[in-house]
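Got a structure for you, questions after.
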Amino acid sequence: MTMKDITEGDIQNNIPLATKDPSNRTIVKFGDVAIGGDKFVVIAGPCAVENRDQVIDIAENVKKSGAQVLRGGAFKPLTFPYQNEKSFELGEEGLKYLAEAREATGMPVVTEVMDPRTVEMVASYADVLQIGARNMQNFPLLAEVGRSGKPVLLKRHFGCSLRDWLGASEHILVQGNPNVVLCERGVSTAHTHAGTSRFIIDIQVVPAVREYSHLPIIVDPSHATFKRSYVPAISKAAMAVGADGIILDVHPVPEQAAVDPLQALSYPVFGQLMEELRAIGQAVGRPI
Amino acid sequence: MTMKDITEGDIQNNIPLATKDPSNRTIVKFGDVAIGGDKFVVIAGPCAVENRDQVIDIAENVKKSGAQVLRGGAFKPLTFPYQNEKSFELGEEGLKYLAEAREATGMPVVTEVMDPRTVEMVASYADVLQIGARNMQNFPLLAEVGRSGKPVLLKRHFGCSLRDWLGASEHILVQGNPNVVLCERGVSTAHTHAGTSRFIIDIQVVPAVREYSHLPIIVDPSHATFKRSYVPAISKAAMAVGADGIILDVHPVPEQAAVDPLQALSYPVFGQLMEELRAIGQAVGRPI
Amino acid sequence: MTMKDITEGDIQNNIPLATKDPSNRTIVKFGDVAIGGDKFVVIAGPCAVENRDQVIDIAENVKKSGAQVLRGGAFKPLTFPYQNEKSFELGEEGLKYLAEAREATGMPVVTEVMDPRTVEMVASYADVLQIGARNMQNFPLLAEVGRSGKPVLLKRHFGCSLRDWLGASEHILVQGNPNVVLCERGVSTAHTHAGTSRFIIDIQVVPAVREYSHLPIIVDPSHATFKRSYVPAISKAAMAVGADGIILDVHPVPEQAAVDPLQALSYPVFGQLMEELRAIGQAVGRPI
Amino acid sequence: MTMKDITEGDIQNNIPLATKDPSNRTIVKFGDVAIGGDKFVVIAGPCAVENRDQVIDIAENVKKSGAQVLRGGAFKPLTFPYQNEKSFELGEEGLKYLAEAREATGMPVVTEVMDPRTVEMVASYADVLQIGARNMQNFPLLAEVGRSGKPVLLKRHFGCSLRDWLGASEHILVQGNPNVVLCERGVSTAHTHAGTSRFIIDIQVVPAVREYSHLPIIVDPSHATFKRSYVPAISKAAMAVGADGIILDVHPVPEQAAVDPLQALSYPVFGQLMEELRAIGQAVGRPI
């Protein structure tokens, strides 16, 4: 589906846009990157932007290992509004560092936006706007990112169904913005592995999305598992199951990450994982 | 907990406000109503405000049967953004009808707000601001309703834990607004009764909230069950389990309700239910 | 539905027996007790039978407060097969104590059976055979209790749907045994209240069972909540929602119970709860 | 862990056997097959044994494509006890056909046992005894298969946690039988993809099992997805995530399978999948 595929008529006639003609798959392009195309796309970077040097160092390192897109959060939704955690929400300052990291490396940047009133500002720095899981059904926000014209990375809420998720994507598409990338980041279940992880990855949603929708889908092993040692295994599963890419937390000293220190990969572990992904990519005909 | 109980020191020291001294229970007062006090509070009205006459007629009827607060939606988050459903989102016009119904009956009004940019406008009509389940973790919105000074009805997301919910309430409390009413409206489970209901009510969260928090808690049997015939039974359970009130969809011709026609009660069924609740209220020492 | 209502023809024609004519409700009778009739039935006793004196003392005490049936486990399925827990599985010896307690008080006895090879033996002591949650879909066991002719208390598995549960009841009914009582004892969810409870009660399954099946349904607040302080609230909700009875753990010194010491009620708390239930029973027209 | 690793002392001292020394991994051997060793093991065959010719034909075909073990059900637990479904439960006759298929192909046989009274009989035909999901916590049955000395394939219940599952394995291990293979076959969630699948595969349990237990783990994509078109993707994910093998339903004419006709693979699709798995196996260093 390309821009021209969403017609005024479709919207006026309430044709469901997310599920129209699933076999004619959408490719979301920005910079030199194409999500949903022949290549498996790796997005990597810090959970939260902590300072200028950190984000540039990470960007250079993940690029060297083969990442194509830089991730980093400048606005972070936190379950509890405590100041000590909040101090790592750099806001617009963080966005500037991300833009500098793009300048330095050539990598496009994906970053989260939480508030409809800041979409325009965030969009002035970002290449891709991320909607976090908790805002998946924040409909005024979805309408704004839809109108922004920027590609959107739409994370799935940990307690929502595929139907809810496609309904949320529809709120973006209906604004005339066809560039939506779905991102699975784990679902809550009654059977979560106590003491090991908050969520479990729903890897099966990848073939389910392929059956019902033309939108590309990537997987977030870091936030799904909340556990560093499980991330490589889930990343490889994501490629083998047919996802269009992954998004990973990487940090020079993972234990010292300001947010979510349990899940980030170090540079060497990320580099090793990229090697293994390249081998699987060859086996399944989906190079990185 | 009263306004003075949240001190600047508490906030600066990150004292969790929602769970501070649970036995000293908060009573949220507006108009003649007190939620969390000696009386069980019944909130009733249409799911969506459809027109002026409808909302006034419903208000008069539910008041006659003993409801103390009028509910009605002028902004409705819908899973899919289809026009035919949206046509019943009256927006500010709906809020004016609600204000007229308040004028006619004396009942205070609770209505949903979805967008931080419209909080001030909605607050100019409403007595209580409702945060819908999908926006439970929409933190910029929570901050705005916190700053509005109005009482807030915070619905629980169907896929969120008690911890997530109390964390969300904290985002309101931390703005210096102590008037938060929690509202349980059903959780999604793997064991939902296929063909009968989308969610199941988590009645057990009522004693759990009592144990961990001082905030009052009410139950929404209409949206939890999505099924008219289950609503009276769940309403009675809510009273018996110790909830501080319920919120119900009522409609003159339920089958013709513009939104969620399967769950609204007719006037006679609502009236009959109120009789039964009065009897149970006497038995448990919690009159309506 | 009475015995004669399950005809040979129904069984040969695969008429679903559990859902045949829901409005013609089954009443399960044993001793002087009728579950599903005009009265709300309270079953009480120790989780595990610990010794002769304990079970007789408990039986006498719960009877004094108004319980109609004695519960007590002589065979206990435990998640891990550790000896220190197992030592309180008295087996046939425990059944003899239960029979003595019945002798002493006149109360009929419900007790669990886990193995198809011991159904006959357990049935020689018990008035009602209990199938535990973990054995809900143990089909050879269901067939044996079906053939035993004894009334069966069929607990719902914490991870199974209403459809699974009614399917399990069908395995008993199809043997020509119509005396099945369903028992809700909590479902696992992703939203369980961490630190407070393992399961949440699915109170909404009571009206759902009423809609789809003629079988009586009771609720087990002790095992659903795993928490003493929540048990009275859930018991009252069970009566208000329209259940046909409850089953409760009671122990003279709850903290010292051999199995599940967190959930049993003491004699005074049980007595107080019975008073409150009597009052609600009058309000809802369902005396104890 | 080998037989000698479970000492009498361990059992008497209640040392948890399933979680003892996870890095010293158990390899379960039978015939020429070793699950948990260097090779990825593929188990394939019909869901239910339908007749002699069918099972031999399937055995020969799956062997040709590289399967190492034959699966087939002669005893089938069914949610509802309807005769038309039951007619494909061949019982001992089906076991004889499986034995003939082993004779013809040299492949060892895994088949389900449901009743403690038939363990000895089933064990006289089978190489590996399968415990179905619904019987995961059928403790008398687990004790019997533990005593049988045969390797056991222990499926995870769709509503049980990792802790429940390891507890169940302990009931087998404690009998002195160390040859337990865990099998993940999907969990129920609130977010199951309506209209597409009953369960979702919990692929993340594979690294979780590796962390906590030494037992080998395989994945059942057929029963997890209940959908033919998702099976290849999940099978590849299972290999990439590090499982020790998979178990698949294969049928000459899948649409006509007596049980679960939506999920079985045809011979050509199975053959094609095996080619792809071989390529991934090379990439990840785990040949078939």
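When the chains are written out, they are named A, B, C and D in that same order, and each has its own residue count from 1.
Everything that follows uses one rule, which is that a residue touches a chain if its C-beta (ideal position, glycine included) is under 8 Å from a C-beta of that chain, and two chains touch if they have at least 3 such contacts.
Note that the structure is a prediction, hence the values are computed from the model and not measured.
Ranking A-C and A-B by contacting C-beta pairs places A-B first.
Here the C-alpha atoms of chain B line up with those of chain C after a rotation of 180°, rounded in steps of 5. Mostly identical positions are employed by chain A and chain D in their mutual contact, as over half of the interface residue numbers are shared between these two copies.
Relative to chain C, the most remote chain by averaged C-alpha coordinates is A. Separation between the centroids of chain A and chain D, computed from CA atoms only, is 35 Å. Remark: chain A and chain C have CA centroids separated by 48 Å (rounded to whole angstrom).
With centres taken as mean Cα positions, chain B sits 34 Å from chain A. Annotation for chain B: residues touching 2 or more other chains are 159-161, 163, 187-192. Touching chain A in their complex are the following residues of chain C: 159, 187-192. Those residues of chain D whose C-beta lies close enough to touch chain A in the complex are 159-163, 187, 189-194, 196-197, 200-208, 211-212, 224-225, 229-230, 233-234, 236-242, 276, 279-280, 282-284. Taken together, the chain D residues at the contact with chain C in this complex read 12, 14, 16, 77-84, 114-117, 134-135, 137-141, 157-161, 163-164, 167-168, 170-171, 174, 188-190.
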